[in-house]
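A, B, C and D are the chain letters, set down in written order, and residue numbers restart from 1 in every chain.
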Amino acid sequence: MAKSIKTIGVMTSGGDSPGMNAAIRAVVRACAYYGIRCVGFYRGYQGMIEGDYTEMTARSVQNIISKGGTILKSARSEEFRTKKGREKAAAQLKEIEVDAMVLIGGDGTFTGGRIFSKEYEIPVIGVPGTIDNDIAGTNFTIGYDTALNTVVDAIDKIRDTASSHNRLFFVEVMGRDAGFIALNSGVGAGAEEILIPEEDLGLERLLESLKRSKRSGKSSSIVVVSEGDKTGKNVYELADYVTEHLPDYDVRVTVLGHMQRGGKPSCFDRTLASRLCVKAVELLLDGKENLMVGLVNNQVTTSEFDKDFKEGHGINKELLRISDILSV
Amino acid sequence: MAKSIKTIGVMTSGGDSPGMNAAIRAVVRACAYYGIRCVGFYRGYQGMIEGDYTEMTARSVQNIISKGGTILKSARSEEFRTKKGREKAAAQLKEIEVDAMVLIGGDGTFTGGRIFSKEYEIPVIGVPGTIDNDIAGTNFTIGYDTALNTVVDAIDKIRDTASSHNRLFFVEVMGRDAGFIALNSGVGAGAEEILIPEEDLGLERLLESLKRSKRSGKSSSIVVVSEGDKTGKNVYELADYVTEHLPDYDVRVTVLGHMQRGGKPSCFDRTLASRLCVKAVELLLDGKENLMVGLVNNQVTTSEFDKDFKEGHGINKELLRISDILSV
Amino acid sequence: MAKSIKTIGVMTSGGDSPGMNAAIRAVVRACAYYGIRCVGFYRGYQGMIEGDYTEMTARSVQNIISKGGTILKSARSEEFRTKKGREKAAAQLKEIEVDAMVLIGGDGTFTGGRIFSKEYEIPVIGVPGTIDNDIAGTNFTIGYDTALNTVVDAIDKIRDTASSHNRLFFVEVMGRDAGFIALNSGVGAGAEEILIPEEDLGLERLLESLKRSKRSGKSSSIVVVSEGDKTGKNVYELADYVTEHLPDYDVRVTVLGHMQRGGKPSCFDRTLASRLCVKAVELLLDGKENLMVGLVNNQVTTSEFDKDFKEGHGINKELLRISDILSV
Amino acid sequence: MAKSIKTIGVMTSGGDSPGMNAAIRAVVRACAYYGIRCVGFYRGYQGMIEGDYTEMTARSVQNIISKGGTILKSARSEEFRTKKGREKAAAQLKEIEVDAMVLIGGDGTFTGGRIFSKEYEIPVIGVPGTIDNDIAGTNFTIGYDTALNTVVDAIDKIRDTASSHNRLFFVEVMGRDAGFIALNSGVGAGAEEILIPEEDLGLERLLESLKRSKRSGKSSSIVVVSEGDKTGKNVYELADYVTEHLPDYDVRVTVLGHMQRGGKPSCFDRTLASRLCVKAVELLLDGKENLMVGLVNNQVTTSEFDKDFKEGHGINKELLRISDILSV
């Protein structure tokens, strides 16, 4: 990139996650620190298409590090999937004199950004912001740690009432394609069983496990179910199935839903967002482009933007084993 | 009551609520303080029927004041509704030499206790422990304040993501017969609309309100719905109805479910439980019986046990008005 | 008050408390609802003196109900204690065309407001906002409930480590003149002893109580100390005194400090703030003036502004008794 | 190790940390899973010396994964530093038929364990449990993540009141020899300055930074100070120094103290504890000994027990740089 960077744009896109504000703040403050202009686009690619943006200074991001959600709002833009949409966005960037973009979001965001960057030669850096943790090239995505704490906190509450009534609860957590949230929160909450999309343990095994759990004298059982689990049944059907086959169980269902996306970010997510986004700005200023920043082995690293963002970032099978051992 | 009290039994019954452990602790410690024996029955009336109990000393309740749930567990007992069941329970109390009972629960618990007390001349004191706050004779029931904070905390999280995406959320909270939780948490969370069983505002009004809310520039809308709201539609049907009639809204549903029953009790619930249960023991020692303790105007009071426990304890209409004004 | 109210001013003054933002929001939204203008003054009386204010609409207070602190900031104004200072403030109100004021704060705020209101015939309504709960005419002040939860949450954490090490902790909480926070949080946290300014139990009694506590097999002890306790010793001196007289105790001190003023307001404080401030606006519109709004017996009430704001609002001696019984 | 392992002992030692209970649970459950006996010693090495222990089964650790503190209690044992003390401990292990130990604690614990293991040929595995994160061979110690969240949560509250009053706060956090907590929580809380033992930035630089912060229009400033910072001044002296040199600042101090050690462990700490302790048991069963388990690059690893536990585990200088950039 020969052109020197005078203005960096920033946006958040896709499902929002806690820590996105900390990420925005870090981009804005790093720009201020290095003396360049920063503009924030609203609602992800849609705001770029519409030229819906705001000038951002160090003071624009005061006290947002602790806030959930994203002050730039987020959206999925159908229009940006079209050649026409991206053309508009590129024109807007030119008009507003934005030289490079920091894209905060998940793999959908990055896929769009990669195409856009190639078509219009606009340097972009991707920052992984999603609660799902399903992005290759980083050990952790921004928002994942907070979501885990939110889920564990909710299951702790459910455990209180489950134990008081000797009940079995099915708790559905987010993660349509990836079992990261279910697996880690399940281990963290001491769940008796964890059902994830990556592995089909079969309904028979679930019934066996629940029976064993009851025999061993447990006062309650929690089964954490990922949205997209492989049994092919949704959480309510699962509950019905178990009620039918284990009639002496008192079964209940809770779907945690969108509260998993909100809340004050944990220290981990704030620090992660801060480190990744300062790096993103510095990379652009350093003439780098089309990279994703990530945290690997507790170091900020970069990976190619031209990759399958999901490949090779499988769930930790060790954790499934740990879960089996600990629910003895 | 001529007979002097040498042993007091305590149990928790019905839906569990945060603060029940603080209540048990206060009964046990008050007995220890006054030098009398205390036994705890497990699973409410069912434990009385089965003679499933434990001797309790000051140390048995160490560090439970901060714990959710109930260490004595809770249940609804079908058997206790039968003459036969109550007879067994009375025989057990005689066998174990329990002279009087402190009953912690809601109106179902009290109704059973009243019949039992009359049939077998066993002095009982009722302590209102339920998240629903639907008991006449007290301004607050144990667990209600904590449940409100749990709900408001969850809605705050949902608001984060709702605001980031300009969405409309329907959030269903507990309260099959009573709108206390919906109404107070709705005002506390700044909900745009609150639907409760006590008042049918009609679906037309809801649509109007949502349209007005959008016109006024709100970035998100939250509608808090009580389980038993009067529209006759459940929360998913409501969401479908609104989606159909207001197609430019992006509608989502969250059912908060059983997490509302758990969690560490708030300071308010702990103090309330402590005050009510010390009083319960002192009343029994003082020869009183068949009363419910409650908090009225910040003072511990008693009310007759021979009453309709729901009568006259209506929701605060002023709050509905406040909600209308504040969602302007 | 013959003059009709077209503009209401609002400010927060004195020590800030959680729920002040919910209070500001309610004043602003109530004004919007009734179609009158609302202006917010920054930094309490100082902003009135300097004419440092902002026009407030329903949207200015979006999403602040859940935020700690006060967006209008708070301060103690020396200048307002002078005739000259109040004169300037009155001139500013005239200039800005503010017809009446809602004053959110504690007794210092109200004392200043009363003098000002009389001198310049400006209608004011006081809203009790302080964590100290030391205001006559209301059962609860805005922020008190949240502060109690903050304190209890901190003591729960301290209890974890105290129990792990069999330690004795002195925990100092806020309340220079009033023991409300110490007393209620102490009962809520299950403290072994509570020292408050209203009652001098003597150091001898403290030593006796701690010895008894150890004999009874407790694994840890927590003594909650109000800033202004009557022993005449500060918390560090107390710790030294106990260490000297009970050498086999492992004593530690924590001063909770200003975190007690912050944090997300509890549902109770948000609802309280909402109810009191809608009423404050309605009273002014109804021609009332020089009243304080309060919550008594769960109803919004008013009391005269011409009173001793502390008189008759003593701490609950029953709670001290409860604490003694429960720390058995 | 030729001898097969039939019984594993577990203990927690040194300063307690959140997640120690999750660690104990994992040791106990892994033993149950592999069909071997597990005993828990109370108060670390002191319990080993005194033979103060309990048999532990899968049910002994029910519902403790979410609890702060340690059910086995912790202590620092002077007696274990003596040859005589260790001799007693070895005799007790023989008597109780404990074949190997899992030691949960920090570097003091490990140093003692290494000597003991050599003297008496008892296989031990160390598990890093301390909030300080100052152990080489692992990216994270158990309790560190929770402590960071506790600190950030407290500073968020302090920020509320600091912003409301335009104040400067000095917040002292734990970490006598290591600045990990200060540095990471400082970045997470958006602190304006961070003072740590590893680096002496000088008082002049602090004053400059605070002046710049004020000029840039910040409404409040937070300086996070590690217990053992290099300026040679404690936090109160620092505050006095700044008050003297920057008289227009309104300065306050909060010492967070022992609440940093308590509280419910975060999901991260629970999962970390679970993974490390299952591995510890499996290593012993596999004939391995005198290793420390740790998490490196998100994988469970082992490192030699014969090392300097602090060497090479320096703080992340990058974070200091990030902090400078972000407090612009």
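What to note about this one:
Going forward, a contact is a pair of C-beta atoms (placed from the backbone, for glycine too) under 8 Å apart; a residue touches a chain by one contact, two chains touch by 3 or more.
These are the chains along with the protein names UniProt gives them: A, B, C, D = ATP-dependent 6-phosphofructokinase.
This is a predicted model, so every value here is computed, not measured.
Among the pairs A-D and A-B, the greater number of C-beta contacts is found at A-D. Subunit B and subunit D have Cα centroids lying 39 Å from one another. Chain geometry summary: the mean Cα position of subunit A and that of subunit D are 28 Å apart. Averaging C-alpha coordinates per chain places the centre of subunit A 35 Å away from that of subunit B.
Residue positions 156, 159, 163, 219 of subunit C each touch two or more of the other chains.
By the contact rule set out at the top, the touching chain pairs are A-B, A-D, B-C, C-D. Across the complex, subunit C meets subunit B through its residues 25-26, 29-30, 32-33, 58-59, 62-63, 65-66, 139, 145, 148-149, 151-153, 156, 159, 163, 184-185, 187-190, 216-219, 264, 266-268, 270-271, 274-275, 278, 296-298, 300, 316, 318-319, 322, 325-328.
Across the complex, subunit D is touched by residues 12, 16, 18, 20, 67-70, 73-75, 150, 154, 156-166, 169, 219, 252-255, 257-263 of subunit C.
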